[in-house]
Amino acid sequence: MCEIPAVPTYERIRIRYGETDQMGHAYYGNYALWLEQARGTWCRERGFTYKSLEEQGVYLPCVELHVRYKGEVRYDDWISVEITLGEIRRASMRFDYKIINETLGKLTTEGYTWHVTMNGETRKAMSVPPFVRDMLLRDPNVTATAE
Amino acid sequence: MCEIPAVPTYERIRIRYGETDQMGHAYYGNYALWLEQARGTWCRERGFTYKSLEEQGVYLPCVELHVRYKGEVRYDDWISVEITLGEIRRASMRFDYKIINETLGKLTTEGYTWHVTMNGETRKAMSVPPFVRDMLLRDPNVTATAE
Amino acid sequence: MCEIPAVPTYERIRIRYGETDQMGHAYYGNYALWLEQARGTWCRERGFTYKSLEEQGVYLPCVELHVRYKGEVRYDDWISVEITLGEIRRASMRFDYKIINETLGKLTTEGYTWHVTMNGETRKAMSVPPFVRDMLLRDPNVTATAE
Amino acid sequence: MCEIPAVPTYERIRIRYGETDQMGHAYYGNYALWLEQARGTWCRERGFTYKSLEEQGVYLPCVELHVRYKGEVRYDDWISVEITLGEIRRASMRFDYKIINETLGKLTTEGYTWHVTMNGETRKAMSVPPFVRDMLLRDPNVTATAE
């Protein structure tokens, strides 16, 4: 069992008008975009980009999404997405998320996503390659952030 | 305990180009739009529209979303969303979904959403109003479909 | 100069909740999705699919978009997108659109899009291949609709 | 005729994965979200927020959108949206945009949007209220930025 450095990454996002719906809240499907953006920053803080992973033939499609909406997120609110890597298995990994609505000063959302490692050419699932596992387990405090 | 007529509703949707991402699949956040569209049709088959509910001051914001992505959905694929009402509680309800990719002939997605009843004016949660409960429990086979 | 059969194609679409914004209208960027869906149907009525074009290495990226929003489109409205091929040049083509809000019985939107033919492998612009030009000029009244 | 301070505002945005499509580019409809985000920042640099305008009953729905796509925008690219107020009329205004793909170092997009002033209660068009006109004509170099 590998131990995962429990270092969260934070991504601040301002809500767009087009992300709201007629109820006046952010539409529930748009949260997926913010979780994805947070994953991008999570990688970057560990010295690599998700884009570079794909260029090396490793894709991380999402196979499970869970979101609990506990409070409101509205247009022009600032949210902060706290993301941590919760678990790595042989061929998959889970990210955990907490969204703080900074404008309201409240935790508004919790969730997680599971991702599998997919070979970009064969489009088949594969084990997490060792070089990817190493990057995922990096401590951002001792790694240079990618651009 | 009320018994829910276990009559599923089916909504067929063709995947848009703008719903794909560079991986060549439908983006994982866009499924929320299809589940929502299926809920609209579910209501309609029971003789009312979600729009009319809001006009009567009853909103059904989603408070929990769960999706398991088991197979691919691609541009121009036809999917069929099977939706059933799984549970009604005092102030909330759960819908269950299965997405069949008709183009591939495979079950590709499973999920559920929890919704609370919200008073449109006070923006507070409230018990499911009796007239709403009655509509939710209608058997579509003995109810005229709404336009 | 080739003459284009001035046969419009119509695509009916019901507006999704997630396509609205807090103003209560459909968000102005989402119209692009409906124009795209109409283009897909336009191809289909001429016996081919845009998907099959891409599989043959011919992409039609949009290089210009113009939309005039003259009236409202709201959640659950039915719209009908009327699309015609307005012009074909050596390496590009223009589609023209009119959106009728059927729920209101009013013309609500007008617009056009220009597309270039792009070689899918080299990612370079190219002349409209003759087999594509032939398909674009088909009269849907004498062509079987693609699935 | 009023003279508009020709001071551009710049908004930097990193492209999300969910904003791409299977062609590997950003989907043409998603640019509308970036233009909107730039408008929000444009207001903020002039000491007010679009949100506060709506709270005061003044809405600025888009009535015309024009976009010319001249180059590529891809996942993880940084773009910079340059926005200027091009014209104010009695009851409408035009914003002009240039998008620089910073990752490529190239101008990739040009466009404009027309907006009318709408009374939030009556939902009717109205003249640009004097207090709004004053704010629109502010010079950001002599105005404190809104939060």
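Going by the order they are written in, the chains are A, B, C and D; count residues from 1 in each one.
Heads up, the rule we're going with is that a contact is a pair of C-beta atoms (placed from the backbone, for glycine too) under 8 Å apart; a residue touches a chain by one contact, two chains touch by 3 or more.
Predicted model, so just to flag it, every value in this text is computed and none were measured.
Trainee: Report the chain whose CA-based centre is farthest from the CA-based centre of chain D.
Mentor: The most remote chain is B.
Trainee: Consider the two chain pairs C-D and B-C; indicate the one with the greater count of contacting C-beta pairs.
Mentor: C-D
Trainee: Would you kindly tell me how far, in whole Å, the mean C-alpha position of chain D lies from that of chain C?
Mentor: Centres of chain C and chain D (C-alpha means) sit 26 Å apart.
Trainee: From the mean C-alpha coordinate of chain A to that of chain C, what's the distance rounded to whole Å?
Mentor: Whole-Å distance between the two chain centres: 34.
Trainee: Can you give the whole-Å distance between the Cα centres of chain B and chain C?
Mentor: For chain B versus chain C, the centre distance works out to 28 Å.
Trainee: Residues touching two or more other chains, restricted to chain B: which are they?
Mentor: 17-18, 23, 27, 29-30, 32-33, 36, 75
Trainee: Looking at the complex, which residues from chain C come into contact with chain A?
Mentor: Residues 17-18, 20-24, 27, 29-30, 74-75.
Trainee: Okay, in this complex, where on chain B does chain C touch?
Mentor: Interface residues on the chain B side: 14, 16-19, 32-33, 36-37, 40, 49-51, 75-76.
Trainee: Touching residues of chain A toward chain B in the complex: what are they?
Mentor: 23, 25, 27-33, 36, 59, 61-70
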